[in-house]
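Chain lettering (A, B, C and D) follows the sequence in which the chains are written, and residue indices restart at 1 in each chain.
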C-alpha cells in the first residue's frame, strides 16, 4: 500500500498553486537580464505557458496577472482563452513602482495628485478583477526611502492607511485586498510595509476582507517564517503566500531550492493552523527564473510544494503530541524529521499516474517538444519581462 | 549663546532614564563571568550604586528591580533607602527563565501547574509593585524551543494569551503590563514573542494598560528599529525602551556604542511620534558590563542617550519638511545629518554646570574615589550577578 | 539490492566522528544551565558516556579532551580506561577563556607575562598529547574586544602570530596545530580569529602541520559554508570540522537539525575535495545539549552525519558533470537533489545489522537502561559542565 | 587655532578619491531605473561631470573607466580632455557580466572558448591602460551560480586561477591587477570570489602586483570590515577600496550615509596600518545614485570621506595606547569616540577657503547652475547607465 493513505491523497488532491504570469517572461538582476528563446511576447502566450504547467501536474489551475504588464483589450477574451487551456485568471497584482511619478512613493506620496493616480490605478485593477472574475487584489508596496531624513516615515504610514481605505471601499463583497510586506528592496533605508506586523496593523484597520500576503523571501536573515505563518493564521489574517526561496536577500529562487526543510516547516504550520485546503489561504508562486528555463522551472516549483506537502501530511500527530507533552525533545524532533526524510516521490509518481497524469511531469514536458516549438514560433516582437 | 536653546534645555531637563539594578552585578557570557571588586552583594548595594549615576548626571531618578534577584524582606525599607539616596524604585521585572520547572516554558508550558506557578510569580511581582509604588510590570518572555517539532508553537501562543490575561486582570488601574519581544536566545529555534508584531497582537488583545517593550538589541540583522518605534507610537502601544547596543546578536553593550547614528535615528523618531517627555514611554537601560566598570558604564550610557537627544532636538524641522516635500533627497539628508554631526558636548557641559552638576560626570565620578571605597568595603558575601 | 552499493558501504565503513568530552556535561546559555540526572562528574564518566555512542553506532571511535576541564592525574590510566571501552583519546582542546587573567586576551594579550602563561598552557596541552597519543592540538581563540578603540587589533594579530609560532615549534612531527575561527562571541566588537581567511593566513605562516578548523556554527548569516570547505581543501589547509547546527548565532544545536540540506552540501564538498576518509580532515562534533538528553543527542548527531554522508555518496557524478557542462541548470540541480531526497535510512539500518550493530541505535540505547542506571549511580559530587 | 593642526592638514592635503565614471550615469534596481535630466550620453560627458566634483573639492583628481561602457575611439583624446579639466584617467574596470556568453561564467566558464574571450577582454583592458596611463586593472568577478549542484565550485576556482594568471602575465611592471570580492549578487547560491580570504588566496598565488579590492558593501551582515582592512594591510595585500554604504545588501548608497561610525573605524584602521596617503592603497567610490542627483551625490561622498578622515586624524594615539595597555575599556573607548564626535566641519570649511576652495562645496556647486545647464544641453542621444 502506498505511504500516501487515502486521506493524504484526498488532501493532496485539493492542492492548487497559482502561477504568476510574469514568471514566464525574462527577469534578471540590476546588472543583466538574460533572455531565452521562446519567451512570451504578450499575456496570451504567458497563459499558454502557464497552462503547460497545469497540464502536466494538475497543480496550477489559475494564473495571476500583473497590471499594467498584462493589460489586454478584452479581459473576456483572455479569460476564455485561459479557460480553453484549462486554467482560470487569478489574483490581480498592481504596480506602483515603474512609473516615473512614483520615484518617491505612490500610495504614500506627499503629493495628493500622485496618491490619487496610484489609488486610481488600483481601482482600475478592481475593474479588471470584475471582468476576470478574480478574487484578490494583491498590493506589493514597493515604496520607501534610501536615506535617513529623506522622508517622514510616520506621515507616509498615515497616508498609506488613507489610500488603502479608499481602495478597500471599492473592493467587492467577494473580493479581497491582500497587502504584501517586504524587508527591503527596491528601497534601502526604509520600506513602508517592511514586516508582517505593519501589514497586519494596516489590514486589521481596514476590515475583514483585507488580509496579509506572506512572501517567503521577504524577511530578515534568520527569521522564523513558520512562526509568522502560525501567528497570522491564529489572527485570521493570512490571505496568501508568495512562494520562492532565498539564500541571502529576495533571491526569488525556486521554492524549496535553498532550504527544503524550511519549506517543510512552513507547510506543517499551514496544515496545523487550518490553512491547507482553505480557500482563504491562497498558495502562489513568485519567482524569477534568471538562469533556468521558465516553464520547467515552474513545474519543478509546484512539484516541490506538492512533495513537501505530502511529507508534511505524513507526520504522526498523535505521537508528536505525546512526545511534546512529555518534554521528550529528541523523540518529538525525530517524529518530525521522520516525515521530512521519508521519500514520497515514488508514491507520488504512482498516484499521479492513477489520476491520468505523467509519473514524471518534468520528463513528460521535456519530451513534449514544447520549448523547441515556442522557440521557433515566437520570433519577432518584444519578449516579455518584468517591465512589460 | 548656547546651541542648546531654552526650548531644547527645557526638553533635556525632562529626561529620565531608568537604570536596571542588575547592571551593577556581574554578568558575562555562557563561557565566563568575570568579576570586579566592589560588586554589590544585595539589592541595597545595587541601589547605592545606581544612585551614584543619578548623583552625577541627574538623568536616572529610578531603578528597576528584578524579582527574585532583588527580593528583600521589606520593600518599604528598600524604597526609603532609595529615596534617601535620591532615587525611586521603578519597573518590576519578572523572571521565568531560571527555575528548573521552566526548562520547557513558563506562561506557555503544557502543564497547567507550571503555568499557574509562573502566573503566581507575576502576581507576586504585582504585590511588590504595590509596595514599591512601581507602575510597570515588565515581562521578558524567555520561552521557546530549540528544535523543530519540539513543541506546538500555536498552542503555546494561545496559552500565553490566557496566562497574560490572568496577570493583566490583576494589574491595578495605575499600573501597566509591558511585554518585551526578542528575536532569539535563550531559545534557538523558536521564541514565543520574537517580534514587535507578536507582542503587539498579544497586548492589543489584553487592553489599554498592556504595552510593548522595545529592547534595541532584540532584532534581526538589518532591522530598521526606528521604523518600529514610529509604528508602535502610531499604534499607541510603545510602553518602554530597553536601551543597549549590539554588533551581532543581543550583545547588551553600552547604548550608542555600536552604532551612534542608529541611536540618533531612534530618538528622532521618538520625538517625532510624541514619545519624548511622555510618561507613557519609559526609557530604561538594559546592558551587561562584561569587561568594563559598571557604574561608569552606566554613567557613560545615560550621557550617550542625553547627548544623542540633544542632537536630535537640534533638527531644523521646518527646513527638513520643506526638503522632504520637494523630493530633495540630498538636502533632506543633509539637514538630518547636520544635527547628528553637531558636537553638543561643550554646550551640554555648560548646561550641566548651570544646574549644579559636574561638567564632566565621568571625571567627577572617577575623582570621587567611590570605586576604591566599595572595593575595600564590599569584601565577603556573594557578589550579585544575573543569577542572584 | 541495497541502494548502498558495496563501494558506498566501503566508504561509510571508514567514517569516524570524534566526540567532545564536554558534550556529556551540562551546558546552557548565559541565562541558565539546566542540569540532568546522571551527568558525569569526572573525565572517566564522560568517556564512559562517549563509549556508549560508539557502542551503538561504531561511528565515534575517539573522544576529544578539553584542558583543564579533563585534567587527570594519570593520562595513561585515562587512555587505558578509554581503550577498554573501545575508544581512544583524540584531539586536545586548550582553554584560554576562563582564567581571570585572560579577560583582555591570552595569546594576544598586551602583557608578555600573560601571553607566556597562555603559551605555557598550550605547551602543557602538548605534553598531555604526548601521553594520550593525540595528534591534534585545537585552539579556539576566544579573544577579542567589546568596544571600538578598546584594543589595537593589529598589534594583537602580530602577537598572536608570535605566540602561535612558539607553540607550533613545540608540536611534534606527527602532531598538528589546528586553529579554529569564530565570527563573534564571547567578544562582541572584534574577535581575533573571526573568519577562515584569518585562520588561513595565520596557519599558512606557521608551516605544514598547522591547519584550519571549521566549526559549522561560526559564520555570518548567509555564509556559504561549503564554499569555504571547498576552498580550504583546495588550499590544503582544512584540518578538522566541528559539526553542529544553528539558526541564528553559534547555537550549537545537533548537527543537521537546523538545515539538513546545508549539511548535505557540506559533505558533498568534502567528498568532492578529497576530504572524506582522509585522515588529514578530522570530523568532530561540538554541540551543547541544553534541553535534550546528552548521550542520545550525540547518537542522533553521528547518525545525522552518517545518513547525510550516505545521501552524498549517492550522487550520480557522471550525470551531474554532464548537466553542469551543458549548462542545464534544472537537470544538474535535480540530480543533486535526487540524492538528498533519497531515503537512505532503511538501507542503513540493514547495513548496520549486517555489521552486528543495532538497526536503530537510538532505540537500542533507550532500551539499554543506561540513562536510568547513571541517574541512580551518579549521585553526589559535582556535575561536569562547560566550566568543569 | 584650528583643531586641524598643520600635521593633520598636511595629511588631509594628500587625500585623493577616485570617482567611477558610471556614477554619473543612471542606475537603479532590477525593478526600475529612474532617469534624471542632464545625464551624460558618452564618456566625455561623464568625465566633465566628474571634473566638477574635483573642481569644488580638490579631492577627486582621477576618474575610473569601465570597459566596454567607456570605450572611445581615441583614449589619447579622452585623456587630454580629462587633463584639460584637471583630472586624470584612473583604474580600468573590466566587465564580464553583461555579455550573453557569460550567463554561466566568464573567467571560470566550463568552455575554454568563452574563458579565452573573457581573458582577451582583460588583455584589451590592459591595452587601454597602456594608452590611458592607468595603473590598476580592477576585476569584479560577477560569476557564480544560483542553485546547489548547478556547477562545480572547485573546478571553477582552479579555472579562475588559470585565467587570472594569464591576465597577470600581461600586466606591466608598473601596473597592478586588483581582485574585488563580493558576498552575493548577481548570483544567489555561490559567488566565485565571495570573501576577502578567497581574493587573498587567489592574488597571493599570482605575485606582488596582484592585490585585493575591498568594497565596503560586499560583506555579510555584521561583518567587522575594519578588521579585514587591518588584516589585508598587515598581509600587504590591500590594493584599493570601493567606498559606499549599505543597510542590508549591496545597497551602493553614499559612503558614510548608513553608518558613519563604521566609516570612521575603517579610516582609523587604514591610518593605523599605514594605508593612508600610501599610493598602494587606492581610495575609490562605487555607488549608485538611484534617487538623488548624481554630481552633488558624489560631492557629498568625497566630503564624507574627508570629514571622517579629519576625525580619524584627531585621535590622541598616545592617550589611546595608554588606556589600551592598562585595560581601561571605558577610557580607551572614550578617547576613540571623542575624535568621532568632534565636529570638524567648521575647521574644514576654513581650511578649504585657505586653499582657494569654496567653504561649502555643495552650496557652491548648487549655485553654479551646472545641473540646469546640462539638463538643457544634453537633450537627445541615449543617457548613459550601468549598461551603456
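Assume a residue touches a chain if its C-beta (ideal position, glycine included) is under 8 Å from a C-beta of that chain, and two chains touch if they have at least 3 such contacts.
Owing to the predicted nature of the structure, the values given are computational and were not obtained by experimental measurement.
Trainee: Going by the stated contact rule, which chains contact chain A and chain D alike?
Mentor: B, C
Trainee: Check B-C against C-D and say which one is joined by more contacting C-beta pairs.
Mentor: Most C-beta pairs in contact, of the two: C-D.
Trainee: How far is the middle of chain C from the middle of chain D, if each middle is the mean of its Cα atoms, in Å?
Mentor: Chain centroid spacing, chain C to chain D, equals 40 Å.
Trainee: In angstrom, rounded to a whole number, how far apart do the mean CA points of chain B and chain C lie?
Mentor: The separation of the two C-alpha centroids amounts to 38 Å.
Trainee: Scan chain A for residues touching two or more other chains and write them down.
Mentor: Expected reply: 103-104, 145-148, 150, 183-184, 189, 221-222, 224, 247-248, 257, 261, 291-292, 329, 333, 337.
Trainee: Which residues of chain C touch chain B in the complex?
Mentor: Within the complex, chain C contacts chain B at residues 27-32, 34-35, 97-98, 100, 103-104, 142, 145-148, 150, 183-186, 188-189, 221, 246-249, 251, 253-254, 257-258, 290-292, 386-387.
Trainee: For a test of understanding, state which residues of chain C touch chain A in their complex under the given definition.
Mentor: Residues 221-222, 224, 247-248, 257, 259-262, 291-293, 296-297, 300, 307, 329-330, 333-334, 337, 340-343, 345, 362 of chain C touch chain A in their complex.
Trainee: Quick check on the complex: what are the chain C residues that touch chain D?
Mentor: These residues of chain C touch chain D: 103-104, 110, 145-154, 157-158, 183-184, 189-191, 194-198, 200-201, 219-224, 226-228, 230-231, 233-235, 261, 265, 269, 272-273, 320-321, 324-325, 327, 329, 332-333, 335-337.
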